[in-house]
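Structure provided below as structure tokens; questions to follow.
Chains here go by letter, A, B, C, D, E and F, matching the order in which they are written, and residues are numbered from 1 within each.
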Amino acid sequence: MSLTTDFNDYRQRMNERVLAYNNKVIKRFFNLDTNAYQAGAVPVKVKEMLGLACSLVLRCDDCVKYHLGKCHEEGLTDDEVFEVFSIANLIGGSIVIPHFRRAVEYWEVLRAEAALGAPGTHQAATHPPHEH
Amino acid sequence: MSLTTDFNDYRQRMNERVLAYNNKVIKRFFNLDTNAYQAGAVPVKVKEMLGLACSLVLRCDDCVKYHLGKCHEEGLTDDEVFEVFSIANLIGGSIVIPHFRRAVEYWEVLRAEAALGAPGTHQAATHPPHEH
Amino acid sequence: MSLTTDFNDYRQRMNERVLAYNNKVIKRFFNLDTNAYQAGAVPVKVKEMLGLACSLVLRCDDCVKYHLGKCHEEGLTDDEVFEVFSIANLIGGSIVIPHFRRAVEYWEVLRAEAALGAPGTHQAATHPPHEH
Amino acid sequence: MSLTTDFNDYRQRMNERVLAYNNKVIKRFFNLDTNAYQAGAVPVKVKEMLGLACSLVLRCDDCVKYHLGKCHEEGLTDDEVFEVFSIANLIGGSIVIPHFRRAVEYWEVLRAEAALGAPGTHQAATHPPHEH
Amino acid sequence: MSLTTDFNDYRQRMNERVLAYNNKVIKRFFNLDTNAYQAGAVPVKVKEMLGLACSLVLRCDDCVKYHLGKCHEEGLTDDEVFEVFSIANLIGGSIVIPHFRRAVEYWEVLRAEAALGAPGTHQAATHPPHEH
Amino acid sequence: MSLTTDFNDYRQRMNERVLAYNNKVIKRFFNLDTNAYQAGAVPVKVKEMLGLACSLVLRCDDCVKYHLGKCHEEGLTDDEVFEVFSIANLIGGSIVIPHFRRAVEYWEVLRAEAALGAPGTHQAATHPPHEH
């Protein structure tokens, strides 16, 4: 198991458990979360950059991983990701640095897996519909 | 070792270490924390729901586990716990979701252990006096 | 104008402005927020206590005012409100104290206005449907 | 005095006071803050959207005002701004709503002043180099 | 009324209101807060610097004002205060800057009032026992 | 591998990866972070106590570990460290307690390793220049 499959498998398995309880507010909240990142006046790529920056300043490692996966799917370059990182580090301060280090580690795994894998297949496998 | 015994054993062992240093402010703070959750105008069950909701919006996994254990002892149903979860997710936002997933996992372990165990015994064993 | 009418008038006026932009995610989010506090397995009174405690530990003065208004409508006594305050201060720490002082000031205005007003009328006037 | 000039005048006056103390770390930090938002692999417009979203989830009214001013200069439309708002509200939760209301009020002042003013003049006057 | 007397008068008046409710947890918490800053292995001056830095990174204007008042009583120089500010800004990030500006404004009022006042009198008048 | 070497090795390895991307804002931010803790009007020992207290109230385990390592190098006694802990717990509240427990565990490992090791050697090995 890799860092990415561990993360995605746990998220998917627990999301199914969560939704099995049939709490309507939770179901609608998860659904709304998916809708918020869909294409609109702001393109998906920028929305995922927003999600990544907010996740970093709020220091949530899992949220950072999720949005890094999405940013990777959207084709962000290293330079683009690092400019998002730099703004998030400045806004959030040095308290963000340990989360930033883990973000870079995860980004490098995403890049390495993409280099190894058949083109176009990793996305469908690892990133189910937006549910955080 | 299970998720619950791992958590409780570490907490108990380290609380003993912490208190061994004899810092008076720390001792009184831990003691005050125990008192705040005792029965008063607001019943213990509601106080533990408050502790759970606050722990979720502040995104502290260990605090969530602690208060989930207490909520379980107080006999909260799945529906009640999920209504607390739904309010905490809405107030705290999607950044709470990864902590919510781990909370559901822990809640299910508590339920499974109670289903297996002799009635009335798990509480005494796993939940010593309130010290977070 | 009093502390309560200032707060409620601004909130109501700006909520109308916000919703006029017709952003679907925002509209559904505000709607979901209203639903989360409706009666269910957990009674409205307890849900508003959860909202109050979470607002205090997250240190949002306006959210505290909103939920204090609702707690007042639900008939919370001074003792009940102060037990919620005590748990929120302990969980959130002394950084909560300035917000706690403003909460007490607002609570006293709510109590004073209720003592002056015709019974049963202040609620309808000052607390429109839940929108934060 | 309007909401925008009050904000900008205070910020500019106090930034001058702050820098007068000649603390090198502070000076370099303010300077670095300016550099982070300059054009690079990510365009200025997107960087200011990142700044706005992060400011909202961290619930800093002054930071929100600052980045709204910049987003306005970058020509963001109502729809674009509201999609940033919607993502920030979802990530940060309902605790963000009071700050969101104040953000909408400030955005409407910016729009109204631009409608009244000579084209191209308000920016230079109200938004000095990036210093937060 | 000045910035300092406004702040201290409101704090003192509301602290009296708060304590009048006789909630034991609150009373003990306020008392513990006073004790924590008393001289021990760490001198009072350093403890107040800790209080100031923590208040800034947690972005609580009133807590910053309180600890600035205490740091002023402890005789901190401009250089010392600005080194505390610089560490707090770096750790907490640019989101701290608006609170930092207000801190500098308050610091300058404290310095100006001390320059005008009779030596040794302002402290007793403006800074009652530690209660935040 | 011990708790301290695990932590330091990962930090050092990832800092090298981070800096390899050559993002200028990041490089200058890391450099500024190192400078902020150097001796000035406030001694290094006090600056590290500030870093420790801020890391605790912001609840960042890795930042706590880093500053505990530095506080240990600066020769802080148990009493001094526990007075910093007590202020941080009071300001940040009981939500800090799980991080406080892990801090005490790490502090005891630092003390135990120093007791075993050759005097003066552990610092150079485990604490490279300040980069968080």
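Criterion: contacts are C-beta pairs under 8 Å (C-beta built on N, C-alpha and C of every residue); 3 or more make two chains touch, one makes a residue touch a chain.
For clarity, every value in this text was computed on a predicted model and none was experimentally measured.
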Intersection of contact partners for chain C and chain F: A, B, D, E
Chain whose average C-alpha position is farthest from chain B's own: D
Same or different contact residues where chain F meets its copy chain A, judged by the half mark: different
Distance between the centres, which are taken as Cα means, of chain E and chain A, whole angstrom: 40
Separation of chain B from chain C, taking each centre as the mean of its C-alpha atoms, in whole Å: 26
Centre-of-Cα separation between chain D and chain C, whole angstrom: 29
Touching two or more other chains - residues of chain C: 25, 29, 32-33, 36, 54-55, 57-58, 63, 79, 83, 86-87, 89-92, 94-95
Graph class of chain-chain contacts, one of line, ring, star, complete, other: complete
Chain E residues within the chain D interface of the complex: 59, 78-79, 82-83, 85-87, 89-90, 94-95, 97-98, 100-102, 104-105, 108
Touch list for chain D against partner chain F, complex: 24-25, 28-29, 32, 35-36
Chain C-facing residues of chain B, complex: 32-33, 36-37, 40-42, 46-47, 49-51, 53-55, 57-58, 63, 77, 79-80, 83-84, 86-88, 90-92
Sites on chain E touched by chain C in the complex: 10-11, 14-15, 17-18, 21, 23, 25-26, 29-30, 33, 54-55, 58, 60-63, 131-132
Residue ranges of chain D touching chain B (in the complex, touch as defined): 57, 89-96
